[in-house]
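Look for chain A in each of the two complexes below; its partner is chain B in the first and chain C in the second.
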Partner chain A sequence: MDLALQLLVNGVITGSHYALLGVGFGIIFATTRIVHFAYGPIFTVAAYMAWYSAAMLGLPIPVALLIAILAAVLLGVGSYVLLYEPFEKRQAPHLVPLIASLGLYIVLENLVGIIFGSGVRVVREFTNGIHFMGPVFFTTIHIWQVVVLVVLGGALAVFLRWTSYGKAVLAMTDNPEMARIIGIDTRKVAILVFAIGSAISAPSAVLILLKDGATTHMGFLAVFMAFVAVIVGGIGSIKGAVIGGFALGMVESLGMLRIPTEWQSSIAFMLLFLVVLLRPQGLFGAAMRR
Partner chain B sequence: MSTAILEARDLCAGYGKKQIVNGVSLSLNTGEVLLILGHNGAGKTTFVRALFGLMTPMAGQVLYEGKEITGRKPAANVADGIAFVPQGHGIFRSLSVHDNLELGGFVEPDKSVLPQRLEQINGLFPILKERASQTAGTLSGGQQQMLAIGMALMHEPRVLILDEPSIGLAPNLVERVMSSITEINQRFGTSILIIEQNVPLSLPIAHRAAVIKTGEVVYEGAPEPLQDHVKLMQLF
Partner chain C sequence: MRRELLGLAAASLVAFAAADSRAEDPEKFTIGAILAMSGSGDWYGKVMSAGIELAVEEINAEGGIDGIPLEAVFEDHKSGIAREGVNAINRLINMHDVQAVFSSFSPPTIAIAPIADEQGILVVNGGGVSTAMVGISDNLFHNRSLASDLGRAAVAFADEEGWSRMAQIAWRTDAGESIISEVEPYWEELGGEVVATEWMDQGATNIDTQIAKMRTANPDFLALWLFSPDPGMAMRRAREFGIDVPVVGVEYTADVAEIGGDHMEGYYYTSDYFTPTDDWSQRFQEAYRERYGEDPEFYAANYYEGVYLIAEAIRRARAEGGDYYDGANLARIIREQPTYPSVYGGEMTFQDNGVAQKRVALFQIQDGESEFQRYLDLE
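Our next item is the complex of A and B:
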């Protein structure tokens, strides 16, 4: 029973992390229809920038976080303006930006390795506290992972529901051509969602840096889990990405009750295959038009 | 003499290398309802898409209030007072009726005027007020068309372009939509360019009519002669 409770708590924590990644990746995907796989190495760059700022320059962690967010936003917006947008202007098929994104993924990941080296980078100045609550335990970083999802997810929901540009994002997600017809500058909205999606990835990256350290390949798991959360939750649904992320975290964690731990990393694949087979549009997705 | 508010001069447009509109010259006069007829594939939709800036014309000019706007982006055209209702209910299906209408006024810099406009549109289409919180995609076809027109009116356009508003609607709903188009023209003084295939129900609301065939204007003038079935068949 204690084990089940601990795995449930772990599921909430991991689910929060995946949900946040799913929201960042999903808002870009839903609004622009670009499968931005380079989201992974941008996550890595954010972690390394935070590590460099905190461990090498000795800056406080909140400042390092701001630098990480800035780096992620610049790279995210840069990848849209310099890479994806020229293909859009030429009305290239959707497969072309996807391949370009994979190319950018490889370039960025290798650049991180060349600049920072390939070892694990940790912030030794940070000590992760351990907290007990009855039979379960969690760390300070775990608390932050849940808090960051609640705060950023809530802020994003308020932005989308109550601001003019938030509604423009929802409009473009629903029907991009109609968004142009009512006078929405869809380029501005695309840049905005790349900035928001990338910014959201940075706090997650910094928390993983503080928890496990940064490696050049850390972005793969981030973008893969974000992708699975979006597909499970439903393409085009931001609420779906949150629930998809939680479902993924829960299944991955509670699955340990019955499935040997060496299979843990396969659970995401199994969930993905099941959803694609049984409900291809995802839990909250509608059939895509366009 | 009436003045042209929106004018196409020798407009050519198409997709890729395929030219569909071949040098169309037509003008919409201030305050009138201009009806464009033509069979499927005649180039009517391509013509209005090029006019509105959804596609870049291959050649020719578009003038709005005497000023050249050829190839200008839709966002600038909307902000300048041109609205477009595309074929097949131009709405945001996953958003509420209220959110759709509010988004219709996206380009309006003074958002404080929107509640009053919303009231005007609710007066024109009372059903939209009743269904304000309903998801737009769950409305009936006729209600979706009313919503699409309502959205276009939210920024008080001087020119309204409608691409086949009767498509997919039951005959009684087509009559309702056509009468609301007349009401918009008379009550708000909006100049309206309407593309249609439903000749019997759209001709009575038009001040002038044009027929496009294989990307060229084959008739332009009074709508009455087109009521002659034989004449119309010759043009089609």
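Our next item is the complex of A and C:
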């Protein structure tokens, strides 16, 4: 029973992390239809910028976080304006931006290694507090992972529902052509979602930096889990990305109560296959289209 | 008579010409190195290639091998991808005409073994640790203690300490699996009990579930069958989650120390042991530090030592004469004359199974430093 409770809590924490990544990746994917795999190394760059600011320059962690967000936003917007948009203008097939995204992934990941070195980077100045609640234990970073999801996810929901730009994003998510016809500046909206999605990746990356340290390859798991969360939750649904992320976190954690952990990395695929087979539009995909 | 003399002269001429062509030296000796130059294990490629480059540079500064220069060509198996290893050895053979190749990581080493046998290429592995590599090729040698040896030494130490309930976590790779398959029966033979066996992917960032399950199993000690940098993360997570039992492992590197931080305190590990013990090892450490700005890891030492091993094998082969520069011939030399100088101090001797016999050292992290405890002799 103690183990089940612990795994449940672990699932909520891990799920929060995946959900946040899913939201960031999903808002870009749903709005622009670009499978932005370079989201992974942008996540990595954010972590390394935070590390450089905090560990090398000695800046406070909140300042390091702001620098990480700024770096992620610049890279995210830059990748749209300089890479994807020219393909869109030339009306290139969807496969072309996808390949370009993979190329950008490799370039950015290698750049991080060249600039910052290939070793693990940690912020030694940070101490991760440990908290016990009966038989269940968690750390300060774990709490922050849940809090950040609640705050950013909530803020994004308010932005989408109550602001004109938010409504424009939702309109473009629903039908980009129609959005353009009714006068929405789709270029501006695309830049906006790349900025928002990339910014969302930064707090998540900084928390992983503080928890486990940064490595040049940390972005792979981030973008992979974000992608699975979006597909499971349903493309175009922020709520779906959150639920998809939590579903992933839960099966990865609580699912291991009886299943040997050697299956842990396969279980994300199993969930993906199951959802795609039974509900190809994802858990909330159909609701979005209605 | 005249015809016989002419025949004899012609035969002598042919024999002389043949002997002369067999003994012809190459312009240079090219060694291939198939390492993890990219991917999640690129740290290994960095330090291994550093060791190789330093040794090649030193040998050439001393006039090469019997006056013939040595060069190293690096290829990338992208952190353990077998297919990449095969592509790499084919490129090395076809484009660079290598006779000796370094490998690292178990999957690519296993994958290239049949090619090495067929093409007669000497392969020296200084990093891969899977026991699955033993006996798969007559041309394959290891100057690295295999993971199973390190694991067996670690649990032998645990037995000496009187611990009986082991919770273990391993990489879900050939290296991790080979430790579990060797250590589990050995541990049970010693009278111990395995109370939890957990697995993680190489480079996984979330192992909270595994740690929670090991904690619930209430072990006397944890065994980390993981490699750099993951022992650091496992140790950090175990301590954060309130597991305060002793922890043993099979690796400790700068990256492990960096990621584990203060949580590494008290960690025991068994390892190939590189520390300066004689003139050569001190010279190596100083040269490495001067060139790369950091102390050498044992991986760097293994590959550095490996270059000298190959160079010495070439020298011995050349002294025998004939068509000496051939990978299979170099492998024969190592099998028949198995003792070579070791940068670890003294000499290393290759056993019949191709694995160099080295003592396994036990270390403990004390006040942030890796402190040598004692040598463990494996039966």
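In the analysis below, the second predicted complex is superposed on the first by the 286 of 290 C-alpha atoms of A that agree within 3 Å, B and C clash if a C-alpha of one lies under 4 Å from a C-alpha of the other, contacts with A are read in each partner's own complex, and residues count from 1 in each chain.
Operating definition for what follows: a residue touches a chain if its C-beta (ideal position, glycine included) is under 8 Å from a C-beta of that chain, and two chains touch if they have at least 3 such contacts.
Note that the structure is a prediction, hence the values are computed from the model and not measured.
**Student:** Could you say whether A:Ala168 touches chain B, chain C, both of them, or neither, answering first, second, both or neither?
**Tutor:** First partner only.
**Student:** In the overlay, work out which of chain B or chain C sits against more residues of chain A.
**Tutor:** Of chain B and chain C, more residues of chain A lie in contact with C.
**Student:** Please indicate which partner A:Glu177 is in contact with in the superposed arrangement: first for chain B, second for chain C, both, or neither.
**Tutor:** Once the two structures are laid over each other on A, A:Glu177 reaches chain B alone.
**Student:** Considering only the touch criterion stated at the top, classify A:Asp185 as touching first (chain B), second (chain C), both, or neither.
**Tutor:** The answer is first: A:Asp185 touches chain B but not chain C.
**Student:** May I ask you to decide whether A:Ile13 touches chain B, chain C, both, or neither, giving the answer as first, second, both or neither?
**Tutor:** In the superposed model, A:Ile13 contacts chain C only, not chain B.
**Student:** Which residues of chain A touch chain C once you look at their complex with the stated criterion?
**Tutor:** Spelled out, the residues of chain A in touch with chain C are 2-3, 6-7, 10, 13-14, 17, 110, 113, 118-122, 124, 128, 130, 132, 137, 139, 208, 212-213, 215-218, 221, 252-253, 256, 260-262, 264-265.
**Student:** Can you list the residues on chain C that touch chain A in the complex?
**Tutor:** 38-40, 42-43, 46, 172, 197-201, 203-206, 208-210, 212-213, 215-216, 229, 232-233, 236, 240-242, 254-255, 258-259, 261
**Student:** Can you list the residues on chain A that touch chain B in the complex?
**Tutor:** Touching chain B from chain A are residues 164, 167-168, 170-171, 173-175, 177-178, 180-185, 236, 286.
**Student:** In their shared complex, at which residues does chain B touch chain A?
**Tutor:** By the definition above, chain B touches chain A via 52, 54, 73-75, 77-79, 84, 86, 90-95, 99, 102-104, 106-107, 111, 151-152, 155.
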